[in-house]
Amino acid sequence: MADVISPIPQRIVEAAVLAALEEDGAFDDVTTRALVPADQWGRGTFIAKELGMIAGLQVAAAAMSTLDSQISFDALVEDGTRVEAGTEIAEVEGPLGSILSAERVALNFLQRLSGIATLTDEFVHAVSGTGARILDTRKTTPGLRHLERYAVRAGGGQNHRFGLGSGLLIKDNHIRAARDRGAPDLETIIARARDASAHTMRVEIEVTNLEEVKEALAGRADVILLDNMPIDEMRRAVELIAGRALVEASGGVTLDSVRDIAETGVDYISVGRLTHSAPALDISLEVATV
Amino acid sequence: MADVISPIPQRIVEAAVLAALEEDGAFDDVTTRALVPADQWGRGTFIAKELGMIAGLQVAAAAMSTLDSQISFDALVEDGTRVEAGTEIAEVEGPLGSILSAERVALNFLQRLSGIATLTDEFVHAVSGTGARILDTRKTTPGLRHLERYAVRAGGGQNHRFGLGSGLLIKDNHIRAARDRGAPDLETIIARARDASAHTMRVEIEVTNLEEVKEALAGRADVILLDNMPIDEMRRAVELIAGRALVEASGGVTLDSVRDIAETGVDYISVGRLTHSAPALDISLEVATV
Amino acid sequence: MADVISPIPQRIVEAAVLAALEEDGAFDDVTTRALVPADQWGRGTFIAKELGMIAGLQVAAAAMSTLDSQISFDALVEDGTRVEAGTEIAEVEGPLGSILSAERVALNFLQRLSGIATLTDEFVHAVSGTGARILDTRKTTPGLRHLERYAVRAGGGQNHRFGLGSGLLIKDNHIRAARDRGAPDLETIIARARDASAHTMRVEIEVTNLEEVKEALAGRADVILLDNMPIDEMRRAVELIAGRALVEASGGVTLDSVRDIAETGVDYISVGRLTHSAPALDISLEVATV
Amino acid sequence: MADVISPIPQRIVEAAVLAALEEDGAFDDVTTRALVPADQWGRGTFIAKELGMIAGLQVAAAAMSTLDSQISFDALVEDGTRVEAGTEIAEVEGPLGSILSAERVALNFLQRLSGIATLTDEFVHAVSGTGARILDTRKTTPGLRHLERYAVRAGGGQNHRFGLGSGLLIKDNHIRAARDRGAPDLETIIARARDASAHTMRVEIEVTNLEEVKEALAGRADVILLDNMPIDEMRRAVELIAGRALVEASGGVTLDSVRDIAETGVDYISVGRLTHSAPALDISLEVATV
Amino acid sequence: MADVISPIPQRIVEAAVLAALEEDGAFDDVTTRALVPADQWGRGTFIAKELGMIAGLQVAAAAMSTLDSQISFDALVEDGTRVEAGTEIAEVEGPLGSILSAERVALNFLQRLSGIATLTDEFVHAVSGTGARILDTRKTTPGLRHLERYAVRAGGGQNHRFGLGSGLLIKDNHIRAARDRGAPDLETIIARARDASAHTMRVEIEVTNLEEVKEALAGRADVILLDNMPIDEMRRAVELIAGRALVEASGGVTLDSVRDIAETGVDYISVGRLTHSAPALDISLEVATV
Amino acid sequence: MADVISPIPQRIVEAAVLAALEEDGAFDDVTTRALVPADQWGRGTFIAKELGMIAGLQVAAAAMSTLDSQISFDALVEDGTRVEAGTEIAEVEGPLGSILSAERVALNFLQRLSGIATLTDEFVHAVSGTGARILDTRKTTPGLRHLERYAVRAGGGQNHRFGLGSGLLIKDNHIRAARDRGAPDLETIIARARDASAHTMRVEIEVTNLEEVKEALAGRADVILLDNMPIDEMRRAVELIAGRALVEASGGVTLDSVRDIAETGVDYISVGRLTHSAPALDISLEVATV
């Protein structure tokens, strides 16, 4: 699977890595400057310390090479690979001081992205065989959306719209606002939204009960988002929609609840915690002089 | 306690918030533009959905006002306050469309920072009465170090050095590098580091056994970092040091292990998971038209 | 109509205006500095010198206020208004030297955007009554896409996708590439594209003959783009599609040809020259001391 | 002629191209990502679709290589070459997906700059043999001044001052302001301007009648700008000046009127429409897989 | 005199000040944060500690207000004023911690710019009555050209061209290069330069002996720069030129030598040391709590 | 000595150099463009025109290569080398026009940094044999702190804290503020500061008399700064401190006074004039065509 993960544009990786190195003072590492001479060479191995899925090797590599272009980086596994504790996942070699100065930033990215991939992978496995796809949300870490969406892809998930400008999603508050301005039903609201937006976008609308599902179908919504609906009602909604629109479910989805949701027949399940609450995967860099 | 949290410089908050709004397409929210007219006014309430500690109200406020300076923001609690599920924590009022466009970014920051404050608060309570202080690490989210360090302060923790340029911390790899270049012991290494760095910095050195503690004391290290040491050995190290240096403990510290560590008498315990693995605190924004 | 034009986010306007003022050396106007003292006040009137439609008053205002916040700007008409030669469209008042230093940048934007609105308005009128809508394309001036899309809206046109990231449009070269990699027909290609992209995006595909129209319908394309098709074939394509997909026409569309195209029944006509070849509208600023 | 066109600094080209690629979403091309695998190679040919003069090959090349450094670009003609419809002007080869993602930006620049070069070339030919030189103005597209001035040079024109900081040009409004502050005549105004500005700058002044020409001569203006003057009066002004100052003509100059103006004996004719109203030259990119 | 100094554009001041505050860590002042609570108010007085001329009050004010908009700044003298040791030159009032955090940056600018103004003033006085004007050069501190040129103006000097793009100055190396490519004399070189550059620029040329002066006159140079010429030869050059060109002298000019140079009758004397070697003027900020 | 100077991170050098080249208009050098064809090659030698110490060759090299990567740069001496008038210090070779366009920026940096190194070297020699080390201060040129600190190191000096965020230094104004808020003595103030700041920082405190020295010792200050103290009192302070804290002296230190200060036994002497008043070292670039 790893071979089909669409990569992060290298420019975005480099910008993120450079900002992080500067934030960390990596170009002004007083300890390393005091103790590691420029001509001392070293080698390091990134090792997974627990079971999980790897994502972000491209970013770790960029952290090293941006700090010092003399550092070489060799990935020993591919992103999207499930590894056990103790697996060696990449090797670096170059000026030892530079490796030490870049280490923390490389690990900060690699651990976070691998944490997201690992959690996504768990959700994807939890729904396997159901036809439901796991989606991320806009609940990403500010500044890291491109990277975290990549980690979700690495974990086998699929990306929702990038942001507010790249997809039309009518949520409860939009509906409330429109009703307040005289829109009698979702059909009217969908028509209004469609009329005001690019013809290349689908219209997705959030509903909370079966009555709204009917209105959304009347408005020929392209995607219907069932938000925080009980499992039974969700199942009836799927039956009611009957393929006339794509169906997405959302709302506090956990590893405990995701399988039940998937079995209602929804097409997509969006999971905020993939990005807002994934714990980092424990990875370390073991360094030796050469 | 909340009244003594040193705030984040407003310029840093504004830069972070602006970048996040742009990343999210908040200035180009196609759905809101289609459905919410510019003259429709609204009001929203941020509500905690679970027990926790709040941090980041300044950031949430900036997200709103950066998107639209017509939005007013009133905090109902202060950062560093422990709240129960259902507590109203802040109110916004202004153009409804603007509130909706900024909502996700405001929440993404507020939930993440409150999550960190909540976890920090739990660690701080776990060691209460011992004299040990809880420290953060450099394992922060790339790009958010200033903000996450603030959340740690809000939670009652204390900050470690900001980055590689603002503190001298001789870690195992530096020691290995220096030994490789002929340094016979930690005393020599400390002297070398002290000689090469600013006289305003303390020297902290990482040790892994009692022999190294003795060498560090011989070198008159200002701070000795006991890394991944068994509790018993840690206790003997503290006795051996006997106030001649500050003592910090680190290494996979959890809520289960932190109290035992604190009771060894160490001065500081640094905890990576405060920032790399804190789950977001669940907070929502309830919106109404006015 | 002017009252419904969705505006350009002010931040984008300000960034564009600031860059233009710096490019023009407006903060270092040697002539004005030599001849106009800081306490000399002036007033100016923007006057249309030929028949056309106005767009960009917000940008002209920002050019003035960014150069000097003491300049006031009063629009006398709204964007999207058709004016005759001699119409006064806006007034400025403030430090005379500042008005002179900002004049060229204000006019450069206002003339260009009004030129685009004027041309768009002509196309919109040429198809009036047919149901076809006039779309812009990605053939905008590099750096000015947000502004030029606004001018198209001011002129009564509608915007196509913003860029390559915000809409799925399978063009002839994509089709060629996919066929080369074993895709037998458009149906397969559409399925492949749909599978790999966000579920919030419609799939639009470019076709050049009726056979391809059929394949696109088989693939349930959301939008079918008839590129450079003869009028008769276009009409047959519309009949064949019969409402099962939206239909867009494109390819060297001129004021001479656009009505015939519209009368084939297509839903959209995209016109590159709206932005790549619209001549500037002649507007001048008449200044007096006060 | 092409061999003497002073080029655009590469850094300016790269910055313009990068901003345009980002604006266009070229690093996030969802369609190409869905349909063109990274290992599919392609070749493309830029072909002029109508008669004109080429300018901007350096920019088109940079658009390609900035998107993907694996793309090679070979120009088949030089900038400043007049081509017929059907002429192949450049070839690219590299990853097909990258070529497609960069195509629009490359063409947007190339078509615009070639359009300006083509129009400039027409003006230059219209005055051939007269000794008058065709100048551009500050009526350029905001953000593209460096590039558009280059296109004017490519078309055989000459550049006026870059901006307000790099030349002293006393226009009617400056004169009005100075008179209002007690300057009795142009001689006084010229003296005042000369006194307040760098000794490396010439003084150019705008006049509208013969009386003002005399005052400008009395003030020993270096350049006299005849603005919107009737042809007869222009001729008398040139005779009156008699080589004591350079003479520039301006004001709504068209291809119809430019020859008559040139024959009055003026040294320079500045033409706003070179940059504010030149239609794009039609150029396409024909792509094939390899 | 102070009332006629053309100011630095506020935007340039703000950018310089912000960068300096960030460089100095002024938004992260650990000492002040530890010891000065946010509600402690203070007042400070800028006092000259030695005789000199003040320049840069606008910059010092911006340093304070950029750090904290609550700080008020009142200038007690104007830029360009000669002050004695002990003179109070400005007062600030606001949050004490903010005043302390911004103090160093405010003083760094104020002392440097006042140092330049002081030295310029000395040169200007040294030539008083001769008609010669004192010019700066491009030997400014990288990044501070706008500010240092202002300080020269404040000191009564005049600015030379801003940079390589805003004036034509043919120096010895250009002459050598042109001769190497077949230019027989300065007349030819001047003609070549004039032909290739904007008609709004004067041509200045550097000469080192009387023979070259003649060639420069033959070429009708607008300005002739006598570089490192002995006083006698300089006098003969001025006689030879006899008003047919402006005359500038340069080359290691000191306070000892400048009067003799001025008395040769040259129009301008450019002095590198105004900006590359002016010692800072000693100024302090005396702070009190309120 | 030159071999141990810790270098400036290349990224910082490149950013400084690029900004300076743009400020100087080096990418738009109208004279060079007019007179030096692109294919004319040249060679240049940097020559010291007076006795001094060289610093900044890395920066001069970057100025050349950033302007044109075809220019090669060979240093003939190392930074930190004392040279006599006439010493050749570096050679460049490449396109002549590019060398001329970058010359001024290369020299502006090289002369300034060498001026600082030269002055530092003089101070270091003045205290040789005493054990005192010469420190810089935060009185650097805004924007050039990294570079100027390097020049101090090249001259044999040592760097103080980088900025307000990287060291705790309690100055008179902080003391005054704290006393005003009820702190009875320096011991209390030191404790308060220590409590509120990172445990990796030493506490330095400024004192002005022996009484304060005692309080500082009672508070166990790590470093005591004797500010503007008479020599005799300084000697008594050193005796009183007796190795219990590091001792730094500051306050208007000159080459005349520095030896006496050093002989009191202080560990460090900080000298503002190293950076705020060092005259540039006279260096020229002699160019020849090849």
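Should a chain be cited, it is by its letter among A, B, C, D, E and F, assigned in written order, with residues numbered from 1 in that chain.
In this section, a contact is a pair of C-beta atoms (placed from the backbone, for glycine too) under 8 Å apart; a residue touches a chain by one contact, two chains touch by 3 or more.
Not measured: the values here are computed from a predicted model.
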Self-contact between copies subunit D and subunit E, residue sets same or different by half: same
Subunit C on subunit D, rotation in degrees - Cα superposition, rounded to nearest 5: 180
Per Cα centroids, the chain farthest from subunit E: A
Repeat of interface A-C, chosen from B-E, D-E or B-C - more than half of residue-number contact pairs shared: D-E
Chain centre separation in whole Å, for subunit D relative to subunit B (CA means): 54
Inter-chain centre distance, subunit A versus subunit F - centres from mean C-alpha coordinates, in Å: 46
Subunit E and subunit F: spacing of chain centres that average the CA atoms, whole Å: 23
Residue numbers of subunit E (touch at least two other chains): 28, 33, 162, 165-169, 196, 198, 201
Overall pattern in which the protein chains touch one another (line/ring/star/complete/other): other
Interchain contacts, given as pairs of chains that touch: A-B, A-C, A-D, A-F, B-C, B-E, B-F, C-D, C-E, D-E, D-F, E-F
Interface residues, subunit A side, partner subunit F - complex: 27-28, 33
Partner subunit A, residues of subunit C touching it in the complex: 6, 135, 158-162, 165-169, 196, 198-202, 204, 222-223, 246, 248, 267-268
Contacting residues of subunit E [partner subunit F, same complex]: 16, 19-20, 23-26, 28-37, 40, 42, 96-97, 100-101, 103-105, 107-109, 111-112, 115, 138-145, 162-171, 173-174, 176-178, 180-181, 189, 192-193, 195-198, 201, 273, 276-277, 279-280, 287-289
Complex contact set, residues of subunit A against subunit D: 6, 9, 11-12, 162
